[in-house]
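Take a look at these structures.
After this come two complexes, each holding chain A, first together with chain B and then together with chain C.
So, the complex of A and B:
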């Protein structure tokens, strides 16, 4: 799809080109997501209803209560998780570090469940609980990785263990308190059905704020990519930069998990896809991940709700179905060009 | 230039790696630190570049105590090439440009002139043709040149090099050593390096610091005849010298005298 990008020489030009193209694709997928669904709303009908202001019209109500929150949710979750994944890959200097693999999502998920048991009515607390859970998981891994020299493989294994721990916690909680979370199955697989605008308010601040902050941080993140020792030999305060980056990554992933559940795959594959296309400069990788991550989840969600009408798949399942082949294609195509060393 | 007074450091309690070390590096010279594996050579470089903080003693850069300087200020005085197998996740040009970080204030991007400086540094070290390649795609020797370009670009009066010739073939090794010599003579840089190849050390440095078990064993200028005696006792090898009209060459053979090994 983006193969022609490889021919232009200067990396900066490639980066800008990718951003422009992603904005176009993202716009198209947002429109597609808004118009199509269980029933297709032709653009002409939709605009007529929106501008006439007839709030009772069923088309208007479908649009405002189902389509719009859903597409917005997909956009926010996708971009948040993709940026979170990009940050974690740089901070841990590890191509496999992504919020779903090293347990950030699972930590957020566990805290969401615990929060909904302790404070059953308080939906507005959930995003904060998710952030704390994600932060707990990532700080745990950071502390463990700082105890000594740790190979990349060992780091991923540690993340995997933490992920298993929190996942076990979630399953335990759900068995002990079966009514803890309405629609738990959807939450565990990652789904966007039943999303409302109210659920999106706090997370949207977290995700937009997190992405903006991460963009300010892009240059610092680039320097972290030099390796811990080299970056600090250049006078960078590595622990502080790493710590801040991890807080941002946890906020992004936590905010996404709080309303979309455990959709994970996007945090791994989108950063890689972007890096394979334009290299590793975070000034472009971060916004590129945000745009393409949003686009990817919107499209997957669109398929998830239209392929098997009247049934709906959780978007997490669709993400894996669509993402795996695409990712395999990218790996096979680029294996000679760039080793993903472990 | 660089002065260490009573410096001690240990990674683990009860296993000191550096004990009560005094060292005085003269400005404008090339000094090589040599010694058996694990004697603390690399640790000395890390202490001098403020990557590690000494547990006792103090380290002076010129007149200033290094622990009173900000990290960026230290990075404007000392650059260090480390033995580190972590490969930067970026293309070569960006890695070299990143070496200007100590001169940057806040979030400003790199300027055009800084990019030109980086390109010049890469031209000088012979790695300009792969400036757009990712560091992971380069061979060990190419990567080492990029690291040297970073050192050049950081432009500090004191340069520390930990085994700069690892990964390099014999031709590139000599190229690298000539480059270091040029830096020293033309740009008046003070160079401290760790080398295992004693031939290179004797050929290219003004003086050799021999270390043993976390302390200084002996210091000699390269013209000094006692230097071979030190090598003999420290490493337990026989040294034979061959001289032509340009240089002296040294050949090291296993010592037959077992008492020489300490």
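So, the complex of A and C:
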């Protein structure tokens, strides 16, 4: 079996140091995202135009309507999904759990599509619909996992079934309502093309609020990661903590899906990378995931929009190319460990 | 209580689908013909936006057929999508650049061109997704919907009104209209031929009704489209239904870039069926492959040629 949560021997000092380094890397990636794109704009020109405030200048328009919203969108989506993945892995006690694997993203996506058909133009409702869809998927998985002892792979398979169910729902909706319009860019593949700052206002509340709340729960999540019995022995109300953690994870993933579409694998790759660097203490894993998740999606989106100029790839495709091999690696690693234990 | 909620939900869904269905058939773009101060021109686009332009010189067209229409209206372009070059083979001056593919245009490249008008399609999701971004950037973005000749004529009129080239409206619009009217008048069939119109692509074959471009042409020429009567043909290609209907003509247009693959797929999926050769259309050599330049891409000022082409087939002169 996976020994999922073993408190790192590393002291807090190491965690803080890595968080500071993550902040520095994130800052660099934000600057790279803002200063690079399909058009080459020397930084000196960019600064000059920005400080002169000439809103009619194409450079100003490119910065304010393309690069800034995309970098902000990538930062929010990456942070939200990575923190959501970290929470889900702890709650389900499963390193293979992430919002796109267990169907949280697909649930959010289905509800977003339904909302856009029932209430066309009501953009403020979309993040809420995404949250409900994500929550429904999470609760379904949680209820199924509580019905009996379930192996990690079985839980993932259950998630796969729920994922397929919601994906079939989305395809059905799109066949019946091919004009269903959601957000910007390519919704099913996940993309940030055409995103505006106005589209980010409501989701940003969900993501920033969710991350702050999750930080308040970090210690509780550490106890939850020890297992239900030990967490109860430590005086924790396990069902309540688990339920609240699921709500937060669904809010984070739903808010990200509401504007970026079905971006996958950030919630799987980033928590693992962070645990590798920082250890398993959620007081550091959660902020670390937020920082590195944001950085990762910003860089992936930068590649997606600059590799084949003037053509661009949806960022979700880029992430899937990296995420699928990583997921397979985790499954094989899990299997070889079990084989050794047998 | 739950049943009531269910009823309300179903009602909302039905109303929504009805409304969206009605919206599809609204006029492509209304021409207000408001010429305000100093050459300002105002019109309502296909998304219902009031568009005001003043002699635009830097124009980006995000669809090949729209780039062609704008040029045919005497306008100049500074950015086009790849289909204008690859599919339509349009020739542009060297300073006209590609802004990506029509279904994934590069917003940054478009804004970098500093356009005073961007022409988009209201039927392409990737275009409507850019509406807010253009609005925020303060760039005039006009949406058009062109399916039938009448839509093209309406768009051409708006474009020529903007460029002030009424002569080009007559040449590339009204003359084509006369050609179409003549083709329709000439081809009044004694009995309405029953036709099946198919689109083939690398992944399969799909039947189309009279609501598509070529389907409308066939209807105007007095044909009865089997997919209008038998709606199930639209959802799933059924050899059994085709044998039962036994059409007088079968028209096929290959879709996509891989025409060879589309033809191979056509052969494998339908022509190899033993019942295929028993069809009246096949036996009478009325199984016809149509050129996609005339029947898949919008033919614009050559719309009349497409009508004449079909008219000649139906009258047996081609």
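Keep this in mind: the second predicted complex is superposed on the first by the 306 of 342 C-alpha atoms of A that agree within 3 Å, B and C clash if a C-alpha of one lies under 4 Å from a C-alpha of the other, contacts with A are read in each partner's own complex, and residues count from 1 in each chain.
Convention: a contact is a pair of C-beta atoms (placed from the backbone, for glycine too) under 8 Å apart; a residue touches a chain by one contact, two chains touch by 3 or more.
Given the structure is predicted, the values throughout are model-derived calculations rather than measurements.
In the superposition on chain A, contact of A:56 is made with chain C only, not with chain B.
Of the two partner chains placed by the overlay, neither chain B nor chain C lies in contact with A:13. In the superposition on chain A, A:48 contacts neither chain B nor chain C.
In the superposed pair of complexes, A:310 makes contact with chain C only, with no contact to chain B.
Look at A:225: by the touch rule set out above, it reaches chain B but stays clear of chain C.
Measured by the number of chain A residues touched, the leading partner among chain B and chain C is C. Of the two partner chains, chain B is the only one that A:235 touches; chain C does not reach it.
When the two structures are aligned on the shared chain, A:280 is found in touch with chain B, with no touch to chain C.
Comparing the two complexes, no residue of chain A contacts chain B in one case and chain C in the other.
Per the touch definition, chain C reaches chain A in the complex via residues 12-13, 16-17, 20, 24, 97-101, 104, 106-109, 111-114, 125-126, 128-130, 132-133, 136-139. The touching residues of chain A, when paired with chain C in their complex, are 37-39, 55-56, 58, 61-62, 64-67, 69, 117-118, 120, 176-177, 179, 181, 183-186, 193-199, 305, 309-312.
Across the interface of their complex, chain A is touched by residues 49, 51, 70-76, 79-80, 82, 84, 86-91, 94-95, 98-99, 101-102, 107, 109, 132, 134, 136-137, 154 of chain B.
Across the complex, chain A meets chain B through its residues 9-11, 90, 93, 216, 219, 222-223, 225-230, 232-237, 279-281, 337-339, 341.
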